[in-house]
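First chain written, first letter: the chains are A, B, C and D, and each begins at residue 1.
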């Protein structure tokens, strides 16, 4: 089966600046897909090309196998939920939502029916006659979503959909969005800079850096098996140790050996391990160091341990209620260990 | 990229309807301004280089006489005198206007818009009527004289109307609202914490004003000053009405060349001077503003 | 705003309408405001069947500017003072008059056909005439003024309460006469003398005023003014203490004339119009209502003695009027005149 | 910092300034209701001069001419100025020359524009009349409308136009249903200012008018009344003219909170 949305070697240049550089992606029907990247990574430009606001400099965008690269935004069966929501300030909630259907020249009765339907889905029926400036941030976000969804697009694009909400609301809305996507059965493509948001919501995540696609896969794959150090660094926290590759791992400049089940031929390489994979006490790999800082995060305790093996302190996350975590204090000498299977090796 | 507000040039709007539609939108107004402002002004420039016919009209032979005449001591002195009167008007209007704007800016935020509205209101009402009001007040048998008599003043009143003072007063009165507006804008944008920081660092109120507030609000004063100067030096109505025809500003001479002496080429040459003065002042003002913005980072 | 195209169309229509209205075929007559009976045009049309439109000019210079700019097109009959009629004649814009078409010419005083600027009325017809002198408040002056010098170097009593005419020729005229010169003198030394006289006089002046000096006399703002006799009569009409005197040095003889334009497309109607004005009854209206002397014997003879008693300057005999020199076109010397006036105006 | 003495000084400055600004106008308004009509004595309250005003054919004629000029000039200037503002704001590159050209009509001395247009029209042998006043007024009116609309566009969220396009609207529909309605308060405010300016404008009208009553506007009539002998009707006329300006400005201010040029 071919993918719903096929992005083929797409590129976008603004003058001398290349915003998107030869990206290819397939997005399937009914998928919740996240484009993840820091600001300037090209994720928004990619999204705007999907929406039709930018014309690709090279490559193609196929929707249901049809090239839509040159199709103007108002003709595409694709809708965008704007980061600022872009609600029409002079129209009521109802008029905002009905606008897209009016553009389709649907009969009035049908428009009303569909608007009422979506209003009840987003639970804003009571606010139908308000103007956008009389709504809260979360309500505006839902109106923007409804306005795009009511068109029943083939693909719904969401530009930082939760960016303007406060942290607590954001957490709730992540699950809400996922539920909604499931309910309406529409393909969602979300742009976000928040890796946690991407991991929580998306079926698959694509990581972009400097306009290039770094990695694309399920949240588990990109978290557990980053393809290179940038992907590893971007998602979650990662400790790095630089050295020379060896058949069974890597040798640090001071001679310490780091064991890994991954293999790399030879040359400069980097070993990486997640903080939550490190334990107090020895393991396949063992190093020692001094606690420089402790931070209590409720569920866990985060340590910064200064070692002789890396220029930056090693970050360690311990479950806060473990007995050894109770007595640790700044200046304590500690031994850190982790498994070879938890060690990733990348070229430097 | 700021969320939501796409900077022009990157926005999708521009891709859909960018420079071409921008040109279509701009074209009608631009054509209008070109046909009815630029071309006529260029025409005036050209006229200045032709001879006047004996009975008026234009004799199309090239001459520099008109331009030379502009720098003739007679017209030079009129120009200087106009500049002097306009200069006095600028100083008075900017001092009073700045003080008023400053005072308005110190009041509670809620009052400011309404006060500003009432300060600006006269500027938008009829210029002639505002000037005429002063004729009613100042003339020898006018309200001020009446008031003085009523209060028991027996002597001869000094002549108030048809004096240079009356012309200056009329011009200040006409343009003061504009100065208040121009000075208020930067004053209201001023972060009060900056002045507080200055005082916190040991400066007195006056030093704070002189070293902090005044330099930061100079661009507003510059805008006000340029407008008032240009409008004053080219004015012919106020000198005619409040000056009793005895005070020739450069505007009156231009008026006279076109409507009385029928010497259009010389009138055109004189108005070139007005345009030149305006341009020089605008340039200076732009420089002042740019220095101001560089100074406050 | 909703229908910009409609308003645009309305504007276009309006422009066309105004343009066509101003292109009408009727006579166009230009005169000073209030210098003719308000119903004169209507009565002329009723009597002769010729349509006519009256337009107004504020000054000789204004109408001259328009006539010269347009090459005389668009006007059929204009009312201008005699030096300006001469200019129109010199420019070839004034029709050479066919006296056979103006039977009412016979109503004129014989003196009115011998005027220096146009002996035999070849291109202009006198409409009104008179003198320029001093108009003053007899009750506010210890002694009646007798000389131009009473105005130009006033006594302390009237200093700051005098006005002079602002129009070039008459302003200069006062100083020419005071210095015993011709009102048409173009000699450089004479002009320098006149300039000095006027600059000295300016320091004692209340204002230059062509139009409201009589009102200033009535209110008491001014007590001694340079005035045209007819206009002084407005003041006399409001306050019997206002008097008019011709200074001992003399006056100019001013003559306001009617000129038919060579460019007129309807000359017969234009002749009919000037002939209509010269009718004894019609011309009398001007004398009775605007209080100017008219050079029409038949009209003047019909005036009531009361009027002549109240406005004594109207009783002057035509022969006496002709003793005074008329203002003449001075050709290129006009520039020198303008310069003197500018120098006076610029002085402080 | 905020001592009572300082506060009183500020109130005094404001009081004096406002007295200076408003006493002359108030005197005219007061006199317009004076039965005797002269400033010399108060002879009783009366609407007599307003009655006179409405019987004065010249004033009514001038008032009608002014209304025609202001309405036509405002309509044209509003369309041209709004399009110009939008066009300039969405433009990628804005040269100084373009900015200067748009700014020029607001700063150029009236007398210069007036004589330039007079020379222009008479050289082209364009017969002058109300239509020449209208096209001349559009020159500065459109600059003011443009300034007001541009001030609003500075904070305009262009993403709503993209949203409209995304939801299926054509460019024209987006302008008609989104851009223009959202800008409407600023456009109307600009139009009201333009109307006020046009109603009060004297110098350019004076020079570009045709002969006679057919193109005499109210300010020209007022100038003539001031120059050629004052009648008490002028106070009543002044009161009405001020009333019109105040109403238009108050409406503009209300529609366009704080967005008048220069603010």
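What we mean here is this: a residue touches a chain if its C-beta (ideal position, glycine included) is under 8 Å from a C-beta of that chain, and two chains touch if they have at least 3 such contacts.
In this text, all values refer to a predicted model and were calculated from it rather than measured experimentally.
Grouping of the remaining chains in the absence of chain A, by touch, is one piece.
The greatest centre-to-centre distance from chain C, using averaged C-alpha positions, is reached by A. Centrality annotation: D (chain centre taken as mean Cα position, compared with the mean over all protein Cα atoms). Taking each chain's centre as the mean of its C-alpha atoms, chain A lies 57 Å from chain B. Between the Cα centres of chain C and chain D there is a gap of 37 Å. Each chain gets a centre from the mean of its Cα atoms; for chain A and chain C, those two points are 90 Å apart. The residues of chain D that reach two or more other chains are 79, 157, 159, 162, 165, 184, 227, 230, listed in rising order. Shared interface positions of chain B, defined as residues touching 2 or more other chains, are 4-5, 11-12, 16, 141, 258. Residue positions of chain C touching 2 or more other chains, listed in rising order: 69. Residues of chain C touching chain D in their complex: 1, 4, 7-8, 10-11, 14-15, 18-19, 21-23, 28, 30, 33, 53-58, 66, 69-70, 74, 211-212, 214-215.
By the touch criterion stated above, chain B contacts chain C in their complex at residues 52-57, 74-75, 77-78, 81, 139-141, 159, 161-162, 164, 244-248, 252-253, 256, 258-263.
Of all residues in chain B, those touching chain D in their complex are 4-6, 8-9, 11-14, 16-19, 21-30, 32-33, 36-41, 43-44, 47, 96, 99-100, 102-104, 106-107, 113, 115-122, 124-130, 132-137, 141-143, 146, 173, 176-178, 180-182, 184-185, 196, 199, 205, 223, 226-227, 230-231, 233-237, 241, 251, 254-255, 258, 264, 267-268, 271, 274-275, 278, 282.
Of all the residues in chain D, the ones that touch chain C in their complex are 68, 72, 75-76, 78-79, 122, 125, 127, 129-131, 134, 180, 184, 187-188, 191, 210-214, 224, 227-230. Here chain A touches chain D in the complex through residues 51-53, 72-75, 79-80, 82-84, 86-90, 99-100, 103-104, 147-148, 151, going by the rule given at the top.
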